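Order of writing sets the chain letters: A, B, C and D. Residues in each chain are counted from 1.
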């Protein structure tokens, strides 16, 4: 039922995110990337499945853990690497960095350094759509910690009473830094909070790209047909600490192993091999292409110029 | 099953609130009271029933519509009238006015000009209790509009995960100024929002002082026994507009008439007469005592001094 | 020049109220550009607590005139998101005191988005709000908080004092491609002034000399301009000619207008309703002492709000913010009289 | 006097880190007063992102060392409510940038409660937070926002620069009966300095002369004090003797200390990391020009952050806030060199 092309594309995206994060962590260790860097490792299936169901003219709102969203939404590796290296040719001209990559032109409203800060912004994109009367939709990505920022409840309610085409996409990786969701909510199934606001909500396996894709497609249909918002809770788990420098020792090993055994990238590869005629060699070829693209992006970024301080100061004068 | 003394006390409180608001509205029309004045008319049974179930060492958090809470909690009419007249002998030395009456000494943490602003403060009172390990409880009063301020959801969750002795007492009068709750929430039964946070919640008839009293007593028991927070949604309706100057024309007449026919003060009187040997004359005597007390309070306040500007400026110097 | 038109008695000029001028600005911009919409508490059927949006629901319907729940942070954030994606929202926060709930969306999101995105994104949003004391509304409904936004790179700050300025500036604010804080004063809504029938806009960043004089310069904005002007009348009777500069916009600041006037009068009094400590007046003083040091004949006098929350009692409330007498006193002091 | 003790090499003095000094202050006050408790994100098991609360959970347990969800507005408000009802909360907001979510609870509630209640209520709460740039954390994790709180009547504002001051001031802040904003700088946590074994406190409102000199006065606070001191060393080599005043607390402000120094040196440079426009430096300048007008030999120089959100790129970040060279330049300028 899925075309080979489609499953190849899914796998290519899953693998690209995996490679991007893995390579950037190396750059971080080499001191080439500074500041905060929050890897999406282990959560690749969510951004991949969701964005595969979107149209070019739809919008997403990303988070501080946003590289996967950007890549799945069609972001360019070169501009991304350049940005995390703080270069002028980066997405934000080196001014934003990892936590602020945005490109409205490809429908990525952007990452955010304020946990939950992007949720109302996504609602606003949905409000604009409903005023214009088009059938675009918005997907707001956020994780369990953000559910405890009051704007989550406020925004859920706004989207509900205004019947906005907004999908609240909860990436429940079960931690806010080191705080387990069990300690931060009596009911760890956070999708249940949506019921009280009259918003239909569903839990899904966040490590299975096809499950995520199908559920998102359904939700998008409902949104395009003016049924109003939907909340999807994708259960997942980080493959490491909160950020590059967090060893994540508080994550129970067995739990971590269990989720690694459900590796979303491996599963995507499995689907490609089992559901299509794609051979191991052909899959390996995709992986090599991705690796190569990433190497080129890193070379490009490393050799690209730093922003000019003089020019920056001129721009400041105009503020 | 209820002692005459108890039902007399309930009726005295209900009637006192009714008289306080009615008389103050006259003072307002005479230009003696200025600024915002939000009458509690029609909601008297809630504060009365709730506070009757509280102990002296418990706490309440009030709202911008707070006169009823203050009276039911044992506030002094003289200090209240003096405050709304802006006098030095008022609860806040004339500095707070109607929206800021507070007296921690009688367990009234205070009214608030920010809708929802008091909710986290009440949670904090509960947190203090749980740290000290006493069996006090906190009742947080708020209305439907406040449920859409993000701090409601945040605070509900904090009280839940910390098992705090806090009762979230929603006075659902079905309007935020002129905004009907049906337009501001897909689910007008706001207690249902609590389920998603794992907090037990119940709707009650907010116009029936005994129903409110009984349900609050249950909730208080649970709190004192360390079961954590409870939410009670008391359905009610204003007898007039949002504030003194709001004719409330947007309130459907039939709806208004229906609720007036369920007048909480009249019902309190009915209980007193039917469930005890109290005669109409004796009830009338209570009413006269209350009227007299209010007249005295008004006289006292009118004849009390305005705050001294000089002294105020001296105090400011010390800020 | 703006002044002239506002003061012209030409056929085309009527006297209307400040709130009516704002209503006209919203109406005209919504007719002109369908991406403009308005959001706020009770702004629809009720027409807003200060009647600024009266009649807009009838003309533009509920899609573009949106009543909001008490979710200030999120509907403001919704304004930011709508602006980023091609709309021009005008978000109303009934009291600037409640804007304390939206600071993240204004300061961390709206003000920084253009910069953080390397210029890829813009946030053409207007945040209309209302502040100031004088109606006995006490500490949480009477603050003057422009200094917070003035201190935030990426925001423009507008604080008009007349119906004419209010209309022209609101229209420009709506057309601006960056976030604008448009701060109204509760005592101004029912003040009247001349406003032309014909369309006009007023450039953000252009101050206005509301009264000419050679002895001393008074810099003010919002409601304090009216107070400064009445003080100026009294001072004129004492033979003191005051130049009253209405900044109209705090960001961009019309520094040149201030400096030229000070270089002429050599005496400066700055009047602000906000608390003295850390207010905008202090910043203007710091600029003038640096750039007109040798012209100043006396220390710059700042007349400002007292270091206190606004009290409920009317006498204490009045004592908390600058009155005509305080301004006169300051002018005489700066002139060593 | 404080200085001497901090600089004494007495037996009882060790060199410890800023974050260790804070940890000692919390520990000592929690032992001394059981109504003191600490709340914040990841402050328990994890010991806080900057390791300030390490070990406190073990000693005081989860009732008094409380990990919070990402509900800043509400757990701060919970601090306010606990304080009103007899506790002494120390609430930690990891970044002052996130404090944009708690402004209502701090400004409308905590700061005003005592006044609005006519003095019946007090809010003895400390809000510990962290700001400043220098770690490549970009626009939403690098701001200097003390000016907002400085402008708010009812709040005290503390911004220490040394481990010694940090410990003594935090202990006083916890014992204070009004709300205190205690603002730390991310670059200071691992700096070391002498701290006595014996208990001590430092009065809120007392500035400290960190270096004596007669040619020019530099006023600074928090991390800028360190930068001013290193600039002072360089200037000394050029024969310019700088007096460096560390305000330590912005509210109360040690005005006398500043004025006395300025009357001696007749030249003033104020250094602030925050954005120039509307910053605390402007307010200090406005006070000094008013109260020492005839003593000033030259315009007051303000060295401050640029009018921009903090950029991610390390070079741009550095160019956005005052560096040693900028301070040296300003001093030479104010001395007409």
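Couple of notes before you dig in:
Please note the rule applied: a residue touches a chain if its C-beta (ideal position, glycine included) is under 8 Å from a C-beta of that chain, and two chains touch if they have at least 3 such contacts.
Since we're looking at a predicted model, the values are computed, not measured.
Where touching is counted per the definition, the chains common to chain B and chain C are A, D.
Common partners of chain C and chain D, by the touch rule above, are A, B. The chain with its Cα centroid farthest from the Cα centroid of chain D is B. Our note on geometry: chain A versus chain B, Cα centroid distance of 46 Å, whole angstroms. Put simply, the C-alpha centre of chain A and that of chain C have 41 angstrom between them.
Chain geometry summary: the mean Cα position of chain A and that of chain D are 37 Å apart. Shown for chain B are the residues that touch two or more other chains, namely 92, 94-96, 100, 112-114, 117, 148-151, 154, 157, 161, 183-185, 319. Among the residues of chain D, those in touch with two or more other chains are 69, 71, 73-74, 97-98, 100-101, 104, 108, 115-116, 138-140, 153-154, 307-308, 311. In terms of which chains touch, the assembly is arranged so that all chains touch all other chains.
Listed in rising order, the residues of chain D touching chain A in the complex are 41-42, 45-46, 49, 67, 69-74, 97-98, 100-101, 135-141, 306-308, 311-316, 319-320. Residues 73, 97-98, 100-101, 103-104, 107-108, 111-112, 115-116, 138-140, 145, 147-148, 150-154, 251, 274-275, 277-283, 285-287, 289-291, 293, 298-302, 307-309, 311 of chain D touch chain C in their complex. Chain B contributes residues 148-154, 157, 160-161, 183-187, 192-199 to its touches with chain A in the complex.
In the complex of the two chains, the chain B residues touching chain D come out as 59, 61, 90-96, 100, 102-105, 109-110, 112-114, 117, 119-132, 150-151, 154-155, 157-158, 161-162, 319.
Against chain D, the residues of chain A that register as touching in their complex are 34-36, 86-87, 92, 94-97, 99-100, 112-117, 145-146, 148-150, 176-179, 183-185, 250, 306-307, 309, 312-313, 315-316, 319.
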